[in-house]
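Chain nomenclature is as follows: A, B, C and D, assigned in order of appearance, with residue numbering initiated at 1 for each chain independently.
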Amino acid sequence: MKAYRPHSGWKSKLHEIIYEADTPAGKLFDIVLFFLIILSVILVMLESIEEVDQNHHRLLLTLEWCITIFFSLEYIARLISIKKPWKYVFSFYGIIDFLSTIPLYLSYILAGSQVLLAVRAFRLLRVFRILKLVKFIGEASQLQSALKASRTKIAVFIYVVLILSVILGTLMYLVEGDEAGFTSIPRSIYWTIVTLTTVGYGDIAPQTPLGQFLATVIMILGYGIIAVPTGIVTAEFSRNGEKGKEGSNMVHVNTQACPNCSAEGHRDDATHCYNCGHLL
Amino acid sequence: MKAYRPHSGWKSKLHEIIYEADTPAGKLFDIVLFFLIILSVILVMLESIEEVDQNHHRLLLTLEWCITIFFSLEYIARLISIKKPWKYVFSFYGIIDFLSTIPLYLSYILAGSQVLLAVRAFRLLRVFRILKLVKFIGEASQLQSALKASRTKIAVFIYVVLILSVILGTLMYLVEGDEAGFTSIPRSIYWTIVTLTTVGYGDIAPQTPLGQFLATVIMILGYGIIAVPTGIVTAEFSRNGEKGKEGSNMVHVNTQACPNCSAEGHRDDATHCYNCGHLL
Amino acid sequence: MKAYRPHSGWKSKLHEIIYEADTPAGKLFDIVLFFLIILSVILVMLESIEEVDQNHHRLLLTLEWCITIFFSLEYIARLISIKKPWKYVFSFYGIIDFLSTIPLYLSYILAGSQVLLAVRAFRLLRVFRILKLVKFIGEASQLQSALKASRTKIAVFIYVVLILSVILGTLMYLVEGDEAGFTSIPRSIYWTIVTLTTVGYGDIAPQTPLGQFLATVIMILGYGIIAVPTGIVTAEFSRNGEKGKEGSNMVHVNTQACPNCSAEGHRDDATHCYNCGHLL
Amino acid sequence: MKAYRPHSGWKSKLHEIIYEADTPAGKLFDIVLFFLIILSVILVMLESIEEVDQNHHRLLLTLEWCITIFFSLEYIARLISIKKPWKYVFSFYGIIDFLSTIPLYLSYILAGSQVLLAVRAFRLLRVFRILKLVKFIGEASQLQSALKASRTKIAVFIYVVLILSVILGTLMYLVEGDEAGFTSIPRSIYWTIVTLTTVGYGDIAPQTPLGQFLATVIMILGYGIIAVPTGIVTAEFSRNGEKGKEGSNMVHVNTQACPNCSAEGHRDDATHCYNCGHLL
């Protein structure tokens, strides 16, 4: 006897289709939405490539309008079918839904807002909601809990890395001149992080022997430091795995042998032999 | 009394030599094949180097013809000696065998198919079959099972990385102008993956302070994210190893309850309750 | 009855505010100091950017003077309120405090010391003291102990990496000519470390086939070697974690032998032999 | 009663000094040798820097001659003091010792052998012998045994990485034209390894969209693959650590309580309470 009572028949039906994924109609809606989102993101990408946009502008715009209209209708349907529309509007997904619908309209109203069209790529975030509904990523929860458990340690780690970067970046700024690309401290810090994380673009690279020596130290530091987040997350994963495993069907056994039948491997808390029943 | 009865004497002999590695002849065949494959791949590589090809074209071509003829004969022999030739033809290794034999013939028949000569390098895949036969990679099975067990988690991980890349790539496209190399969203996503995986070519690099700041965030993210697949695989490896190691003082217990005292967690091979001694 | 007795009322009060963080005033002082340090580091960064410095020189200088005067007063207060001022002056934080106060004064006295202004960025190190006081980084202690435990192993590892780099760097110097950028052995070693740590700037890159082959070997080596520090730290983390977790069924035993039966491995808190029951 | 009987007094004395490190003289010899090796390697490095060599050629040469003469005398002393000189000459360290002594002499005899002077940097390898003697790297043995245990797995791993590189490199050669730098298959394989190991020089970088897409796949592959060696080594370390740790001062205890005093946490094999001595 659930207390939830939808305000009217078709609204509750709509709610079921849009917000749930247990009925065939709800599932179909989610699948259609999923592919439309992927399609729309691909459209945004194609539009951003100049030559593609010049040759197929008309086609891309038409498809974009279809998707925008579908998303607009979906947004309105979501507003209607829910009991507390304002709560939805200001929720995370509500804002994402709004932002992924509005840009095309805006590009006609506001001059210069054409740049904002790329914002539509954030529609991709909507995919997460669908995946949550169809429980596709049940596996992800274990990942999430391991990351959550090691959150504080990772924060401390990033904090130390940042301070290290500022100190080392300033040092490199002092050592290397402007001609090597270390023109300011922030730029020098940027280079330090590029090096510490072993990314290494090479757009800025030390030229003086001392600078190269320091760079070497930073690299080996970065090479060693990477072990820390890995160690944290791995330890957490191992722990999580063991909890699950040992709780269910593994117990510690001791090396005591049954005085009657010499069977070994009794549970730590055993008082009788599992083999012959004799008192241990 | 095995039911398997080869259709004729020499065919069964041929089958034994080609498909098995237990007899001396079979072993020899595998070793010869192994070195021919390696040799042929080296030939393909040398051919692709322009100066080598110009100076030694005749020699390379002659050697290539020898190998191709050997592979052709081997392919025919495989077809003859097997009971269900069609099944072989459309199997994974059947297709690889065919593709690694045909290109040289095709280059004489079809104009412009010379480019396809490089396809011969895929002959290297044939090496895996030989290795499987001689059981060289018994060690690999543990690697494989660990990877297989963490497959779903890795898939979720790659999925999240891809979505992150699209979102961050779009952001960088909005922040950085064309002159820095971020000319389109796909190109921007390409750059994001280059940065997130800490590869960092440097062919595209952010120029604006905001872009460099964002790049910094992406790098540290990538630096931290690498901990996740490592953690997954390591936890899996440790678990696999422990199974073997802890054989001495850890046993599997089942969910059977004692009919007398309802104690749970008996050894799989238990016949008496470890608690009250009652027969299970 | 602690022997500590402050020399006078207001000095002990000052000491409490500056050196401790248990009273509201002490906490406030730490928070103010924290934000001033961050602000001053941001100022140093902004000053180093030429265009910002040119447009807002006056504002930056004024703010810098305010902070320097505050830091000067704080330094004097620290000297006054402590019982052994000289011990503080030559302690790690004492030197940092001094170095982060003096540069602005020096820049007026000594010609050419303007370059030293960047030294003020090391003020960031002062942040560590504040964090230690407010016990913000209690989590960090676990990180620290894990790193400390694996210190020797990491030192051996870095040592081996350095020797490897010298050997491989010399080899690359012999193989590659000057035109590829391998102009001297130290530069070649620099390149080797850049490659081994997978940073890969690309400012120096091998041109000859043999050099590229060697580079490939170095890369795969580096790719594999990174597993070692990660392995060390991870193993240490897992161990630390387990200590906590296995508190239930694992205890530390000492090396004491029973005087009666010579059995070893008693619990640290054992008073009787677990084997014969004799008093330990 | 050791069977070892040195042939004569001063020879056995010399042997003790050179080959052992237990006597004060032997220790001193090792320390002097250690610093001379380091010094000589630094000399080789400095010589390779053109400007340093031009300005201080005379000083560097003099120092080099001193070291070479010392090494020559040491080599002769090693030959004299050992019982089986030929065995030493053809041993690993015997060859290293010879190679690190001879280049300077050769540079006067053979024309063009000046290039070989860099070979002297391999003198660094001699350091390992000294370290072995003074047992400085006792910690390294654990590292070594962990690496040795995972040797086969790492070999399989590198083997798979190499085959992957050849296949993917050929694919990139087919996709990308000459203008992007993929001029031959070996060069293409070189690029693939540069990318797969996340080094990423950027001297060769894909230009076509398809090439960039493939590069992206290779990067993510490499990003994931790095987890495998790390996983292998870490699992081995954890195992090794546990062995050592548990063997010495940690034992499994069960949850049994003493019937007399209710103390908990007895050893698995305890028969008496560690607290009161009562029979368990």
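Heads up, the rule we're going with is that a contact is a pair of C-beta atoms (placed from the backbone, for glycine too) under 8 Å apart; a residue touches a chain by one contact, two chains touch by 3 or more.
Bear in mind the structure is a predicted one, so any value in this text is a computation, not a measurement.
Of all residue numbers that take part in the contact between subunit C and subunit D, under half occur on both sides, making this a different-residue interface. Taking each chain's centre as the mean of its C-alpha atoms, the one that lies farthest from the centre of subunit A is D.
Subunit B has its Cα centroid 27 Å from the Cα centroid of subunit A.
One simple way to say how far apart two chains are is to compare their mean CA positions; for subunit B and subunit C this gives 41 Å. Within subunit B, the positions touching two or more other chains are listed as 157, 186, 189, 198-202, 226, 230, 232, 234, 238, 249. For subunit C in complex with subunit A, the touching residues are 41, 44-45, 48-50, 115, 118-119, 121-122, 124-125, 127-128, 137, 139-140, 142-143, 146-147, 154, 157-158, 161, 186-187, 189-190, 193-194, 196-203, 226, 229-230, 232-234, 236-238, 240-241, 245, 249.
Listing the residues of subunit D that touch subunit B in their complex gives 152-153, 156-157, 160, 163, 166-167, 170, 173-174, 183-189, 195, 198-202, 205, 209, 212-213, 215-216, 219-220, 222-224, 226-228, 230-232, 234-235, 238-239, 252. Interface residues of subunit C facing subunit B in the complex, by the touch rule stated above, are 198-202, 230, 234, 238.
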